[in-house]
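Naming follows writing order (A, B, C and D), and every chain is counted from residue 1.
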Amino acid sequence: MFNKLINDSAAKSPWLYHINSGSCNGCDIELVACLTPRYDAERFGFKLAGTPRHADIVVVSGPITSQSRERLIRTLAQVPEPKCVVSLGSCPKSGNVFKGSYSVEAPLDNYCHVDVSVAGCTPKPEAIMEGLYKAALILKEKREAMHK
Amino acid sequence: MIIIRSLFYILIFPGVLFTAAFGLFLAGVDRKVVARMQHRIGPPLRQPMYDFFKLLGKETIIPHAANKIAFLAAPVIGFVSLALIMLFIPIFNFTAFSGSADLIVILYLITIPGVALIVGGSSSGSPYAGIGISREMVTMMAYELPFVLILLAVARKAGGDTLAFSMETISKWQAANGSMIAQWSMIPAAIAMLLVIPAEVGTQPFDVAEAETEICEGPLIEYSGAPLGLFKLNTAMKMLVMSGLFTSLFFGGIRTGFYILDVIVFMLICVAVTIVCMSTIHAVTARLKIEHLFKFFWTFVSGLALVSLILVWCGL
Amino acid sequence: MMFPFLKTAIHNAFTKPSTEAFPCPEGEGLGHYRGRIFFNPESCVDCGMCIRVCSPAAITVEREEVEGGVNITRTFDLTSCTFCATCEDFCEEGSIKMTTDYHMVGTKHEDLIVSGTTFKKKVLGNLVCDQDNCIYCGLCARNCPQNAITVDRTTKTWTVDHEKCVKCGICIGKCPKKVLKFEEPKEEGVVFDAEKCVYCTLCAKKCPVGAIEVDRATKTWTINRENCIKCGACVKGCPKQALSMGPIED
Amino acid sequence: MIQHFPVLAVMLLFLAAFCVEIFGSHNAGVRNTIVMIAATVAMVLIYALIKPVMIEGQIISYWMGNWEPVSGYAIGIGYEVDQLSLFFALLVVTTFWLSGVYSLGYMSKDHHLGHYYTLYLMLSGSVLGLVMTGDIFNMFVMIEIMTFASVALTAFRNDNEGALEAGFKYLVIGSMGSSFTLTGVALLYGQCHTLNMAQMSAILYQNLTPTSIMALALIVAGFGVKSYIVPFHTPAADAYMAAPTSVSMIFAGMVNKAGVYGMIRVLYTIFNAMDKSTVQMLIVIFGAVTMFIGVTMALTQHDFKRLLAFHSISQIGYVITAIGLGSALGLTGGLFHAMNHTLFKGLLFLTAGAVLYATGTTNLDKLGGLSKKMPKTCICFLIGAFSISGLPPFNGFVSKWLVYQAVYTKAVESGNFVYAIVTVVALVVSVMTLASFIKVTQAVFFGQCPVELKKTQEAPVSMLVPMYIMSALCVLAGLFYPLVNRFLLHPAAQSALNVTNYIDRMLGEGYAANMGVENIQVAPVQFSFWNPIVWLILFVVIFVAAGLVIIGSKEERGKMLQQGVKYDAKYATFFSGEEEMFSQVGGSDLFWGFKTDWKGYYRVLEGLHSGIVTDYAVYTVMATAIITVCMFVFMR
């Protein structure tokens, strides 16, 4: 009955859940900076959600330390479909400067499919917005694929 | 014929459809105005609608620890009772089912969505939800006292003897004597009511229960998909119900004579109330602590309402 | 005052919002933002300094032997880069530059890769002839594009003008007795002039592979030829022009 | 024929009490049979009175040994069942029958059940006799039997910690109450030379001497002790908690109501004192204080049954407030709330008992997550909780709503601001009640399930059936309250307000008129707007509409996934990524934000509830003194 409306809405109201898997907090504050009046991600419907159950887009930052890996995997599993995973900054994709440390378990690709990766250390808010926007469009595609 | 008309009242106006659609619109207005006050562009007015429909399309996860029936029934019950309240609130001199509820009944009916939220959150079995419902309940206790005082003041002013709390008496009194807000003894009560509304709806700074940054959305923590969408819709509808109640309690006397115009005026006042008491306060304040919230309502707001009640009692 | 920001909020509500447009206009005032890496393979001398200084090991190198030389492909992985710009600072040739382009968003890994290929020719020595087997037919001289070869059958002499020779190798192909070849080149390397040197040790510091050792006390300068990659960093860094690139004398 | 029913019911219960002790103390089958037959027959006998009394308006009188009044003086013991008595008798029989059924399963793990059932039948019989007797000394005797049976039942599980202490507290305070009553009765006898209530009513009509005022004060205090109004409430919490739950239910449903009945009978019928504004004010203030202190104490409790006990006190506060108004609306609301309190508080105690039976504890901090283990109990509990919190459309809402209306109407009529404040208190207490039941819901049925309780089983059928009946009654009484009003409340309220018939039936036609008693006809109470049926129909219509949309759009919606059976990260609770975590906030500490703001208040209350019997006795005496002084100073 409302299939088209729901599909369209999927791209227009993506809610973010942010997982910090040992990040230095640089990417985290830049992500929050996206919500400031200058960048105002809310005009595209982005909103920071407090729990993975509400999320459409999971933003992962940090090099996935051994301590956080289990928690990361568990939290990613708790996000309802359709969902998108965005890696923020260099750390989750490769481990960045912590690569090869005994306590770092990057890359993220080993644990889930990363839909969009935003590079930069840290990325500018503009770049993050661009990445999130791409993720929102992917969300819509996934939703359409789920319910033809 | 009566059945068709009743169905129209229930399902279209002022029942389900109107309440949901206009509630979502009010929520959109709220978000837009807050954004503009924070010097942002803000989401489009239809954003709450997008949120709602998106959530309908999401997967619904019922956690292992949750009680399935309570978990799924809570949002629906909240939704239904909110849609119902609108049938009992007069839109100036029109009420869909006037003979079925008075002020006290409305006061209690308004608590049902809150209780539904609490029961739903509680049934999810999450400790965060436990803290959330505790805060929701304390908020409820906090605003109940001033709310009661306001209602008593209004009822006393309208002066029904035997049917003290009748909504009909209040709208008739206002039709005869002008709006309640024009009585200067009622102004403190109106201000108190404007502070009660955001607490009832749960917008900042009174959103301690759903503090997403501290306790992961509190009672809503385990909700996803369509039930969450219903809860979001409930919040939007609560905005309409509360601002509608304010309008009919304090702006009741305005009447143009044309029914359509009446409704439009009613809607405009609702929008204005939303902007004044929800958006503006949201934009300029930060979230309170729960004990501060309680103290604020039981001292300042209740004080205002009590002043009104005493003035009214003295015949002013 | 209970609501200190009320005035600001109302003022904001009636003024133009300060939000930037999206997609953002290309920022001019980005200043020293370090964004996408620009790599110029043309000027790269494959000194490897960038790889040595890269802390997240974001730069990789692939070598492929091809005819006449080696293809050296440098890959900069932006998803691994920490954008510290140390490689830029250390690149003697200025082949690596950090641009202000921050649009580093990709759905695939390939979107976030910067790479470039340097072709390094094999260096050839002088043309020599095995005159014991030469029959002085003159085919080489006739086919030389530069007329650098002279053959005299009468005196049985074969000479080549090294100035004119471009080491194209055509003569080698034409020779019926296969007696022509490029001789092994005399090893080029850093040449040290002890008279000019003041033993400042700058060259040792500049050397990316640590092949140079300087002892100021005993005034000795030694180089480990095996390690030297002949990048020329020491030559450029020498304040007294005591070092130069040239054939090594024993 | 029918006039024998009340006495038969009472005597049957007492007789059965002896039979149980003699024949059934070693044989469970015989014992249960005797108990169930006695309870059922007594219930049927009382239910048979509904038609003549409630509908046809008869008053049934019975003279023991046929000792009818001689020359205008009633010297024999008379039983008189008017509508008010029958109303309470109905509550009593319903409660004890359900409690009896419940006991079969609930008490099966205990020893010495012969004693238990003996006491149980004695208690039931005494309360039934109390509400139906027409003789004030007989009433006192019944109070005594009731008190001592209650004390023994409170301490029945005397191997439990606190049971003996609770019994002792009950004994001390209860005896003081009985003594007050006895003194009052003695004074009255001296004044009126009769013990028959109808005759006393006629004699004392508009004719209060200082002695009779003293008697009034003492008897009101005595019944105050029985209905646990503040500050006589002190033994209640311990007693309700320590007693077996089936007995707690009897306490809440019957013993409390006996006190309320006594209050109404004394204030309205015997003394006709309710037209005095000072008496009204005194009773209303006692009621308001009771409901407020009861509910605030309940908010901080750590034990399920203790919390329910404080709620009992609080709800009785509503009843006392309402009956203190002296208006028909108030009396209707008060009686309705008394009835509803019997229903929902009984229900809640039964669920608490089921939880205790299944888990072995009622400590809120140790329970949790039982809704999946005991779903039926949970639903019953929710119905009870919503009823007591006054959520529409359950019964608690209607009666509370009547009480608010009555109080506020009183405030408007008298122009007295105190009544407006009482209205506000009543409304706020209601939401606090909701809060403390949310606390229980979270701490017992929802929330996290501790590891120790993973293997909990649902309660047995014999315990569930009484719960179902109670739940059904709660819902029905809420939905069809006009019928309840017409057939139960209005006759009862009218008989309380109009004593002429009561006097005449006992002492012969015209006696009341001779004594100058006015015949007041009470108009049926006019309700304001609350139509639960319409509400329910609308609710169902919208529910169905919403359901249709939900079903119609099934294709578009995201999959509705079933709960996983095994541990699966996707269906696990979100603990910020942790695998398992337990809340450090105990169920009882749920409202710390509220408690922080009320620190000072709670410090005072804690100091007052010291647990020392001497203190409690002092409160009792002081409160009696206050009542007496108020009556003397302001009534003249």
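To be clear about the criterion, a residue touches a chain if its C-beta (ideal position, glycine included) is under 8 Å from a C-beta of that chain, and two chains touch if they have at least 3 such contacts.
Worth saying up front: this structure is predicted, and the values here are computed from it rather than measured.
Q: Skim through the chains and flag the pair connected by the most C-beta pairs in contact.
A: Looking at every pair of chains, the most contacts join B-D.
Q: Per-chain Cα mean versus the mean over all protein Cα atoms: which chain has them closest together?
A: B
Q: Counting in whole Å, what is the centre-to-centre distance of chain C and chain D, each centre being its mean C-alpha position?
A: Averaging C-alpha atoms per chain gives centres 95 Å apart.
Q: Suppose each chain is reduced to the average of its Cα coordinates; what separation in Å results between chain A and chain C?
A: Averaging C-alpha atoms per chain gives centres 39 Å apart.
Q: Using mean CA coordinates as chain centres, what's the chain A-chain D distance in Å?
A: Here chain A and chain D have centroids separated by 57 Å.
Q: Can you check how far apart chain B and chain C are, centre to centre, with Cα atoms defining each centre and the answer in Å?
A: Centre separation, chain B to chain C: 71 Å.
Q: Multi-chain contacts in chain C: which residues touch at least two other chains?
A: Each of 17-19 in chain C touches at least two other chains.
Q: For chain B, jot down the residues that touch at least 2 other chains.
A: 35, 38-42, 56-61, 128, 216, 221-222, 225
Q: Which positions in chain D touch two or more other chains at once?
A: In chain D, residues 553, 556, 558-559, 568, 570, 572, 574, 576 touch at least two other chains, as defined above.
Q: According to the definition of touch, which chains form touching pairs?
A: A-B, A-C, A-D, B-C, B-D
Q: Which residues, counting only chain B, touch chain C once they are in their complex?
A: 33, 35-42, 280-281, 283-285
Q: Enumerate the contact residues on chain D facing chain A in the complex.
A: Per the touch definition, chain D meets chain A at residues 549, 552-553, 555-556, 558-559, 568-570, 572, 574, 576-579.
Q: Would you tell me which residues of chain D are touching chain B in their complex?
A: Interface residues on the chain D side: 369, 371-372, 375, 378, 382, 386, 389-392, 397, 401, 404-405, 408-409, 412-413, 415, 417, 420, 423-424, 427-428, 431-432, 434-435, 438-439, 441-442, 446-449, 526, 528-531, 534-535, 538-539, 541-543, 545-546, 550, 553, 556-564, 567-568, 570-576, 581-583, 585, 590-594, 596-597.
Q: Write out the stretch or stretches of chain B touching chain D in their complex.
A: By the definition above, chain B touches chain D via 7, 10-11, 15-16, 56-70, 76, 79-81, 83-84, 87, 97-102, 104-105, 107-109, 111-112, 115, 118-119, 122-128, 130-131, 133-135, 137-138, 140-141, 144-145, 148-149, 152, 155-156, 161-168, 216, 221-222, 225-226, 289-291, 293-295, 298, 309-310, 313.
Q: Contact residues on chain A for chain D in the complex?
A: Residues 1-3, 6, 19, 51-53, 68, 70-75, 77-78, 80-81, 146-147.
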